[in-house]
Amino acid sequence: MSRISNAFKKEKAFIGFVVAGDPDLKVTVENVLALEDGGADLVEIGIPFSDPVADGPVIQDADQRALNQNVNTEDVFELVRLIREQSDIPLVFLTYANLVFKSGYETFCKKCVDLEVSGMIIPDLPYEEQDDLLVVMEQNDLDLIQLITPTSKERIPKLAKRARGFIYVVSSMGITGTRNEFKEDISQLTNEIKKYTTVPIAIGFGIHTPIQAVEMSHLADGIIVGSEIVRIAHEDSPQRLMTYIQEMKDAIS
Amino acid sequence: MSTKHGHYGEYGGQFVPETLMNELTKIETSYQEAKNDPEFQQEVHDLLNNYANRPSLLSYAKRMSDDLGGAQIYFKREDLNHTGAHKINNVIGQALLAKRMGKTRLIAETGAGQHGVATATIAALLGMECEIYMGKEDTERQKLNVYRIELLGAKVHPVTTGSMVLKDAVNAAMQAWTQRVDDTFYVLGSAVGPHPFPEMVHDFQSVISKEAKQQILAETGKLPDAVVACVGGGSNAIGSFAAFIDDSEVALIGCEAAGKGVDTKQTAATIERGSTGIFHGMKSKFMQNEDGQIDEVYSISAGLDYPGVGPEHSALADMHRAQYVGITDDEAVDAFEYIAKTEGIVAAIESSHAIAYVKKLAPTMRKDQVIICTISGRGDKDVASIAKYRGVDVDE
Amino acid sequence: MSTKHGHYGEYGGQFVPETLMNELTKIETSYQEAKNDPEFQQEVHDLLNNYANRPSLLSYAKRMSDDLGGAQIYFKREDLNHTGAHKINNVIGQALLAKRMGKTRLIAETGAGQHGVATATIAALLGMECEIYMGKEDTERQKLNVYRIELLGAKVHPVTTGSMVLKDAVNAAMQAWTQRVDDTFYVLGSAVGPHPFPEMVHDFQSVISKEAKQQILAETGKLPDAVVACVGGGSNAIGSFAAFIDDSEVALIGCEAAGKGVDTKQTAATIERGSTGIFHGMKSKFMQNEDGQIDEVYSISAGLDYPGVGPEHSALADMHRAQYVGITDDEAVDAFEYIAKTEGIVAAIESSHAIAYVKKLAPTMRKDQVIICTISGRGDKDVASIAKYRGVDVDE
Amino acid sequence: MSRISNAFKKEKAFIGFVVAGDPDLKVTVENVLALEDGGADLVEIGIPFSDPVADGPVIQDADQRALNQNVNTEDVFELVRLIREQSDIPLVFLTYANLVFKSGYETFCKKCVDLEVSGMIIPDLPYEEQDDLLVVMEQNDLDLIQLITPTSKERIPKLAKRARGFIYVVSSMGITGTRNEFKEDISQLTNEIKKYTTVPIAIGFGIHTPIQAVEMSHLADGIIVGSEIVRIAHEDSPQRLMTYIQEMKDAIS
């Protein structure tokens, strides 16, 4: 059983996302520790990419800022090594397919094992394109996090069945309709997923306030916060980040 | 070449967010049905012939053939299509498919504006909504094309992310599509992107070589010895090659933009200089650094200024079925001027890359040999930048 | 209509200096021979079809017909010709005649540059020398077209006499011709000038209506009820009318540029506002003051901004065989935008004058009636000035 | 016998050309009188036209200057009336077809008779287009001056036979070849003309120096000077003009 499962063992899990290297590598280490201190159960380390198509403007800009400082994949590995000197928090990489592909699947997976990174979220590697990587990941006991969206529909069974670690329920569809309709849609989605798997479900739907966090946490095993953390990391301090995580974690506990 | 669920050798695939997968599957299914539906084929054919002005001429370039003193050169004149380039062939196909799928809204990326204009054109004709994503840098460099797109009734979104050029426009269009798939079809402008786009674009553009094959057989009684076309994403090239791929005696040559030189940083010669990667929904060759960050590329030609290439071209290159050569800005500009003076054709600077290679190739061939060179578009849009390149003041 | 030694009713003739008379006679004789020589006709036909991209489409404007709710509208698509306008039909004919006469050098006048580009194009193709006379005002307003002409290998002479616009360019070209007739042919750009030019231009442009007649008969089984074309010098209009002149049931309508209004000073509506005079080698209608001094005229459209009109049109107007209407800048710009949004066609601002009239005419007709409207050229050249007219900044 | 014949009665005739209204109407009167005083035998009064296609740049510019002062046909008639108050010198109008056409052939001819103007030179009214006007001119005993050029060739007989007043041998061909060849060409031309008529021949070939005048006068009955007079009229005084005419006239006498 992977380290990821631990994140969902106790109460509802709080999952945070950071862009490695924004504002800089040193502060990113501090930010991850602040996330842990604030009560985060798992952290997604975003490896900055030149063309993060699946991300909104806040994260795109953060990627760009990191790249402008010449942060490369090797630097991100080094950053995780520094985190690991001080923390055992479950980690996954969030990265685009090309960065993993160019590293080489073997190399990248070995690195994850070395750094005790438990898995990967790859927004542009859908089910149909995962085979080559999955073989290597399974050999290395790494979890490929499956993403499921409101448009997945008849794809849900196969996605859910392949899921390991947790399932990332995500929408890039923007927030449409009223809050209530919205909640209903997601509960339908999570109920459907639960038919096929017992792997925990985390929701990332542009959540940033404690109230949203509470609502979402009723529907799933954890919530994921990305843009808001990235915004604070850019505009404010690790201290402020910790306080924010505490509020959010309190809300869902 | 034949494709198995969108894979061309090791290339191709569908590297897109889960959000789009069902939509891509729907397009795939709808397209397979449409492909086998004579009614759809007839609709496409009607618009190609009665609106886009096909078949395009295959015209003998007498003065150029004589001047170069080698092979006989024929031009496949896509510049004579309505809107002035091969792009219209593809948008007609995709827009009719979109309509068949019940979509009412088209979106598209554009670099300098060519594909944006083509998409806006067909949207106007079919009475569909249309929104075009264009890098902010490009909207500022190409204000006139922005206005042209708006004239045609479409809306232009300046894209302010990344380097604010073509690749960012693709990113933005993909994102916008993710956010609104129900009524919206993303009309991709070249033989790139996730399956089934490269296959669709291949099919819709292959009218170029289907016609050319018939035309050259009627004219000379035999197949050409070489087919030459420029390669940006690769749509006019794949369209020019398609009907000849199985004729192994026909050499297929794609001309990439080498910018200031294949060995410089300022180049867009993807197949020669790039490496395999995953981007814009496909596995193919890309200009990228060793980590896999996508490069900014350079060419005088906006239409070739793209860091990737369609997966089928990557496969054809690996198999040595097609050959890809780099043509520099200088060579392309020379060829632009050469064909104007020799044949009275102002060809697109993109197409001039193909012409530049023909200038080198023809003299090495025998007089009884034949080259078909695709003139992918007309060059009116390029006259000002050629003047600038030559240091001539044309500001009004 | 039939012409007797170049006279159309009271119009036409050869009002040129004695110096040119023998040359005109030679052209007349050579042309009559050529006209009856199947080999010459075949040469013309070859270039029209294999270079200029004829036959041009006659395409049904479904959305526009539906929207206007009256007559069915068909476009004769001269904009799809190589170089983007009907002008090429005429220059092919004249240049081949020049070649047949042993000339090695072409000269021509041009206003905004359209006819200059067409002449330079054909000179490049035929390997002839080429010099273009262009008013200095125009060379400065249209630097890009000057460069385009030079790209095609021709030389541009800025004309600094008179008001330095189109009519002065005609004067200068005539003068230059006077000074060097031996090896030089003056390729006149419209259905104007001394006999035999109006007749030659009529003949070379009548391919428009010959094709259109066949095409509309094939499509609808009957003659059109109306043919509409814009009138500058009158070449595309006479070409559009020619094959229908003897079909009295077909209404022929020429659209002149009324500029700011037929009743203002800033107009170029020659037939409505002008009077009979003698200028540029012909007797016809001209914009002139009571002494006979030729007016400076005005239209947003450079191609219609000419103070005269071909003699055959003056005669057709007198006979009431054709009707001539004025279309203002405003109406033309509206039509330019309308056809872009409705049919995905960016038509020349000249042609938009014809479209503007069709917008008024079609709703007054029955659904079983048919209008053919000639789109004389494409409007890419006009996008910037339309933007300016609308107050949009497109400077790059 | 028209007044024009008088011009060729004595020695070789000198024919001068002025643009009516350049520099202004008053000075044009003075200039014509200066021409007469200098020894000119006939004066061509140019009616300024917006588009003088048959004229070179010097005369084109002069026409433009006159028109810019709103000199119209009526003004030119008035100018001739003023000349006629002081002079009997033979006059012809040089004008373009449209001005005569717009006046109306009848009206214009009547006016010539009234003003004792003996004829017209109309550079854009070739043989083939003269019939309508000729009828009226003959009724009024006016001479239409025929122009004959090096390109006239087989047209010479008919032109010469129709000629009245004098024949204007003119070239707009620019000066090509050497001076000698040039002279030979013209002598061929004038010899050819003389085969068909006894009407005097005047040559206008861009003549402006006394030497050129001498050479030309050997070949014909008179010489015509245009651009040089127009240039002096524009740049200098009636006095200077008179001196210039004297030199020229002396040369050919």
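For the reader, a short list of remarks on this structure follows.
In order of appearance the chains are A, B, C and D, and numbering begins at 1 in each one.
Definition applied: a contact is a pair of C-beta atoms (placed from the backbone, for glycine too) under 8 Å apart; a residue touches a chain by one contact, two chains touch by 3 or more.
Keep in mind that this is a model prediction, so the values were computed, not measured.
Subunit A and subunit B have CA centres that are 37 Å apart. Rounded to whole angstrom units, the spacing between the C-alpha centres of subunit A and subunit D is 97.
Multi-chain contact residues of subunit A (touching two or more other chains) are absent. Contacts with at least two other chains are made by no residue of subunit C. The touch graph of these protein chains is an open line. Going by the touch rule set out above, the chain pairs that meet are A-B, B-C, C-D. Residue ranges on subunit B touching subunit C, taken from their complex, read 50-51, 53, 57, 59-60, 63, 77, 80, 82, 84, 120-125, 127, 140-144, 146-148, 151-153, 337, 340-346, 380-381, 383-384, 386-387, 392-396. The part of subunit A that touches subunit B in the complex is made up of residues 49-51, 53-54, 57, 60-61, 64, 67, 72-74, 96-99, 101-103, 123-129, 147-149, 151-155, 159, 170-174. In the complex of the two chains, the subunit B residues touching subunit A come out as 13-23, 161-162, 167-168, 171, 174-175, 178-181, 275-281, 283, 286, 288, 290-294.
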